[in-house]
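What follows is chain A paired twice: with chain B in the first complex and chain C in the second.
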Partner chain A sequence: MSTKTVKDIVANCQEIFEDLDFRRAREWKAAVPGRKVIGYMPVYVPREIVHAAGMLPLGILGGGADMEVIHGDAYYQSYICRIPRSTIELAITGKLDFVDGMMFPSICDVIRNLSGIWQLLFKDKYVRYFDAPQNFKDEVGGVFYANELRELKEGLEQLGGRKITDADINNSIDLYNENRRWVNRVYDFRSDYPWKAPSAEVYLLMRAGMVLPVEEHTRLMQEYLAAADAESRPVKDNCRVVLTGAFCEQPPLNLIKSLEMAGCYIVDDDFMMVNRWLQRDVPATGDPIDNLVKAFLHHSAETPAKYEDDINVKGAYLLNTIAKRGADGVIFAAPSFCDPALLDQPMLISRVEARKIPYITMQYAENSGQMQPIREQAGTFADSIKLWGAA
Partner chain B sequence: MSDQKIVKSNSQDVQKEMITRNYDKITSGKVKVSSTFVPGNLNELLMCFDIANNLPEINAIQNAMRKKSGEMIMEAERSGHSEDVCTYVKADIGMMAKGNIAPNGKPFPDPDLLLLSYTGCFTFLKWFELLREQYKCPTVMLHVPYAADGHVTQNMRDYIVKQLKEEVIPTLEKISGIKFDIDRLREYLRKSAIAEDDLVWMLESAKHKPSPIDCYFGGVYYMGPIFTAFRGTDECIEYYKLLREEIQERIDKGLCAQTPEGDMAEEKYRLVVEGPPNWTSFRDFWQMFYEAGAVVVASSYTKVGGVYDYDSFRHDPANPLETLADYCLGVYTNRNLPTRVDMLARNIIEYEADGLLINSIKSCNSFSAGQLVMMREVEKLTGKPGAFIETDLVDPRYFSAANVKNRLESYFQMIDQKRRAGGSAIAA
Partner chain C sequence: MTTSIGIDVGSGVIKTALFRVENDQSEWLARWDARIRQRDSFKLVEESVEYVLEKAGLKRSEIDYIATTGEGESIKDSTGHFYTMTTHARGALYLNPEARAVLDVGALNGRAIAIDGRGKVLNYRMTSQCASGSGQFLENIARYLGIAQDEIGGLSVQSTNPEKVSSICAVLAETDVINMVSRSIPPSDILRGIHESMADRLIKLLKSIDVTGGVVMMTGGLALDIGLVKAIQDGMDKQKMVTKVATHPDSLFAGAIGAALWGAFRHDKLQSLGQLRKAS
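Now for the complex of A and B:
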């Protein structure tokens, strides 16, 4: 095992995170002539199929806190969230010029319509609106989804100029299973020893997985876990919280740091659901499309973008996460103007209120700068849990 | 707002009476009621089960036009709903908190079913999840895939038909106790197609100069019966026949569009409008147009419940379930942005309009996200100027009359300048 330190690993991840030119992805593409890069927006796309096509799936999560949006504001009204305008800014300033195609999952109307903007502005690029089923029966939503995946596969075959075999996809499924297992190990480790794996570090580690090839990201997580485990860090008297609502537009890194500084260990979150969306290993033998479909229908996580057919199950994912992580409370952190998160929030709040689980709500944009109010709110929340939580 | 008596046509009175009658039916306590949405509504199918159709967007509109929606929205916000989200949803939730009173003054019954036709709008999904929390009634989802590449695939159509067969129809049978009769559906669909022919005739009548109708402000009245609870009925056919006769008479007389203050004296500007209207100040908003001599000759909002004039869709009784699928797939906001741009540009060219005005709605990302790009694309395709105003659906806090009027005046001046420079010819 590597002897890299936590500091080295986190510095590497931070560099990838801050690099809005996506140098690492550009280098990957340039290394072998003919390689293609496919960008994807949150929350979930089957990266296995992109990988099986010999392409690099590249997570695009907006421009972050430091990018100045100059052109993007001319594309979006003030009442629309920030991620589409900073994503457009990335594209029209040439930062995504090496990206051969973009996938837009069916998460909300803004991301859906962003696919149309791509069709209008970047006519030479492959654009795929990725429509996942809201019916979860094998013979109904499953058949639809299988055909959508086949269409995706055919589109990528055309773009890449080569067939994607079942063996290719099964090999990719295997690699992503491995990656997901390590993602879950990192999350488990953070939950068990939150002082050893601060959330800002875990966040950067996961963000690196949006850019790096899957095999490399898996190695990075292995190295991080070994290094973090070996390192001695002081235990803080923080409360344990689950953060939810941040599944699309990402909070500034400073917000995550501020929450922990204010006394809240984030023991679970929904920042980048793509790497934990499937809750079990996908079988890596047999018909890979069928296996990916079944995993999506029957073993995927819950987000507000997914219809929950059973009112009694609504919110169960959050409640189970709270229980599994032994969390003291919940932070509902939603981007401003995020329809899915903000419309879902009252329903989730009713579930946690019914169980007398403490919570707070906050809104952010990816470029929110003022952290003092966040620190004060989170600090008060942590204090109230510590002082009166056991009463 | 003018104190002048509101001028109405016979068809407007009939339309109003029809909408009122539907509210009386819903609140009678004598029928099963399903809440469902306007875009992609399955009125013909619901009628097969004698289920009345209650549309929460229409309720929100009714409350907005009666100046009641503002307080309802604030009531919902006080109970924890974000200022940032759709005001239709909050008006609905606030209405429930305030006793759930229908526009006819009677209380709405709890719905027997929430038919979640998830068509062209993500918010619908959350809206009915939120209502389900309150009503705890059966909810059935019909997921309509987005026509992202500008066309419908067999996979999309098959998926919808399967959902109809395996989810929606069995649920409707269970709720109503009535067995599904496909021939009854065919008959309703046959009637739908007849009314749809006259609806398209009405839309296309605005190609005349002067236009005999306003296809945005007037259009919302004209589309009422077909996009609400009447498509598939004899009275819907009769309504559009009557409307057609009225419009034909206006064409024969060479009249400009009708407004609440009578016929427009002169048609100076012909516009295509994208986006829903503002409902809280509907009359004032309209007045800003007709006082300037501006008539809307085509609008995307008159396609929100279904598109009939772009690719000749009509409900087809020979393929009843497939035609319902195609109808849902084809609603305006379920079409991708390049298609929407093409529709608007064609409208400008075919209706000889002076340009595109976008009324961008804070609440409605389905319409609004991407409209600035759409405007530029339409300008490129047509060479006609575009303009952009911002309001909201039913939240009075987001209608700034002075700002909207200033923008409109500037826009009309821009059109005049274009004309002087040799662009658009003066209308009529």
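Now for the complex of A and C:
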């Protein structure tokens, strides 16, 4: 195992996070003639199929805190969230010129419409509106989703100029299973020793996985866990919270840091759910499309972007996470104008209120700059849990 | 018996207090405070901890909980951090058990905090980002008037004809003051006018959190400014609020006291829960 330090690993991840020109992905593409890069937006796409096509899946999560959006504002009304504007800005300013195709999952109307705008703006690129089912019956949503995956596969075959075999996909499924296992290990480690794996570091580590090839990201997580475990860091008397609602537009890194500085260890979250969407290993033998369909239908995480028709089950994922992580409370952090997160929030709040679990709500944009109100809110929340709660 | 240190890192002054708590009885063993004056806050904190330990005749290993408050989140050796409202509420109650509200006025802003008899924060409100309700503003005015800071309160209470000053904006207020100086307005009337302007803002904060009666404890650096304390009491009387403003010679330490006492409380709670690792 490598002897890299946490500092080295995090610095590497931070560089990848801040690099809006995606140098590492460009280098991957330039290393072998004919390689292709496929961008994708939150919440979930089957990266296994992209990988099986010999292409690099590249997570696009907006322009972040420091990007000035000029062109992007022309495409969306003022009451729309920021991630589509900054994503258009990335494209129009040439930062995505090396990206050969884009996938837009069916997370909300805004992202669906962004796929249409992309088709109009970038006619020479492969653009796919990735329409995941909201019906989870095998004979309805399953059939639909299998067709969707086959269409995706065929589209990528045309783009890449070669067939994607079942063996290719099974091999990729195997690699992504391995990657998910390490993602879960990092999350487990953070929950067990939150002072050894600050959330800002874990976040950067997961963000690196949006850019790096899956094999490289798995190695990076292995190195991080070894280094973080070996490093001695002071334990803080913080409360433990689950952060939920941030599954699409990402909060600024400073917000995550501010929450922990204010006394809240984040012991679980829903950032970049793509790397934990499938809750179990997908079988890496047999019909890979069928296996990916079944995993999606029956073993996927619950987010507001996924319809749950049983009101008694709604919120169970959050409640299970709170219990599993031994969390003292919940922070509902939603991007401003995020319909899925904000529409789901009252239902989820009713679940935690019924169990007398403390919670706070806050809104952010990817470029939110004022952290004082966040610190104040999170700080008083932590104090109320530590002094007046059961923790 | 639990021994704890509270460190309040303010924007102007660092305050440190060392307490011993046993069976709800607390004993204040040592204290330290110093203005930051562009020095390294981390070094000052370290210095303060060494000082109070030596004063109390204790070793660091004998301290059960080091609690920070104010801007002290980044101090590495602390056990935990409490937010400013939480610690000032507890500190105010320590200094005056009758307190049911707190006015914490420090270098950069002012806060009104409603509390209960246990020191639990029930509600709070802060001054907006404008500095005209803060100690830094008063420091600037003292400089314009060529007087020492500790003269401000004494001069203000001698005023016979206070000059009205803008209560909206520090920049406008400072311009007002420069004009007053050129019109030969006595410093006592200028200072009383400023105190009334600040009192007006602070009373509004108290009213916004429904504090209209009981004892309001002043904490933070300006709690020692007798001119401001009098202006607040006069303003409340004028508005027929049945509220009594109180202050204490140790009001400056309220945050550090609160941090130390909550730290001790937290240590005992974790111990009873068998979770002391969280505070090791």
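To be clear about the criterion, the second predicted complex is superposed on the first by the 390 of 391 C-alpha atoms of A that agree within 3 Å, B and C clash if a C-alpha of one lies under 4 Å from a C-alpha of the other, contacts with A are read in each partner's own complex, and residues count from 1 in each chain.
In this section, a residue touches a chain if its C-beta (ideal position, glycine included) is under 8 Å from a C-beta of that chain, and two chains touch if they have at least 3 such contacts.
Computed from a predicted structure; not experimentally measured.
Clash-free side-by-side placement of chain B and chain C is the outcome of superposition onto chain A.
Of the two partner chains placed by superposition, only chain B is touched by A:Q134; chain C is not.
For the superposed model, the angle subtended at the Cα centre of chain A by chain B and chain C works out to 100 degrees in steps of 10. In the superposed model, A:A74 lies in contact with chain B only, and not with chain C. Annotation for chain A, partner touching more residues between chain B and chain C: B. Looking at the shared chain after the overlay, A:K386 reaches chain C, while chain B stays out of its contact range. The superposed arrangement places chain B and chain C with a least CA-CA distance of 19 Å.
Per the touch definition, chain A reaches chain B in the complex via residues 74-77, 79-80, 84, 106-110, 112-117, 119-121, 128-129, 131, 133-135, 137, 139-141, 143-144, 147-148, 151, 304-305, 307-309, 311, 314, 334, 336-340, 342-347, 349-350, 363.
Those residues of chain C lying in contact with chain A across their complex are 65, 73-74, 76-83, 85-86, 120-121, 126, 262, 265-266, 269-270, 273, 277-280. In the complex of the two chains, the chain B residues touching chain A come out as 79-82, 84-86, 89, 116, 118, 121-123, 125-127, 129-130, 132-133, 136, 139, 141, 143, 145-146, 148-149, 153, 155-156, 158-159, 162-163, 166-167, 336-338, 340-341, 360, 362, 365-366, 368-374, 377, 390.
The touching residues of chain A, counted against chain C in their complex, run 234-238, 261-263, 375-376, 379-380, 382-384, 386-388, 391.
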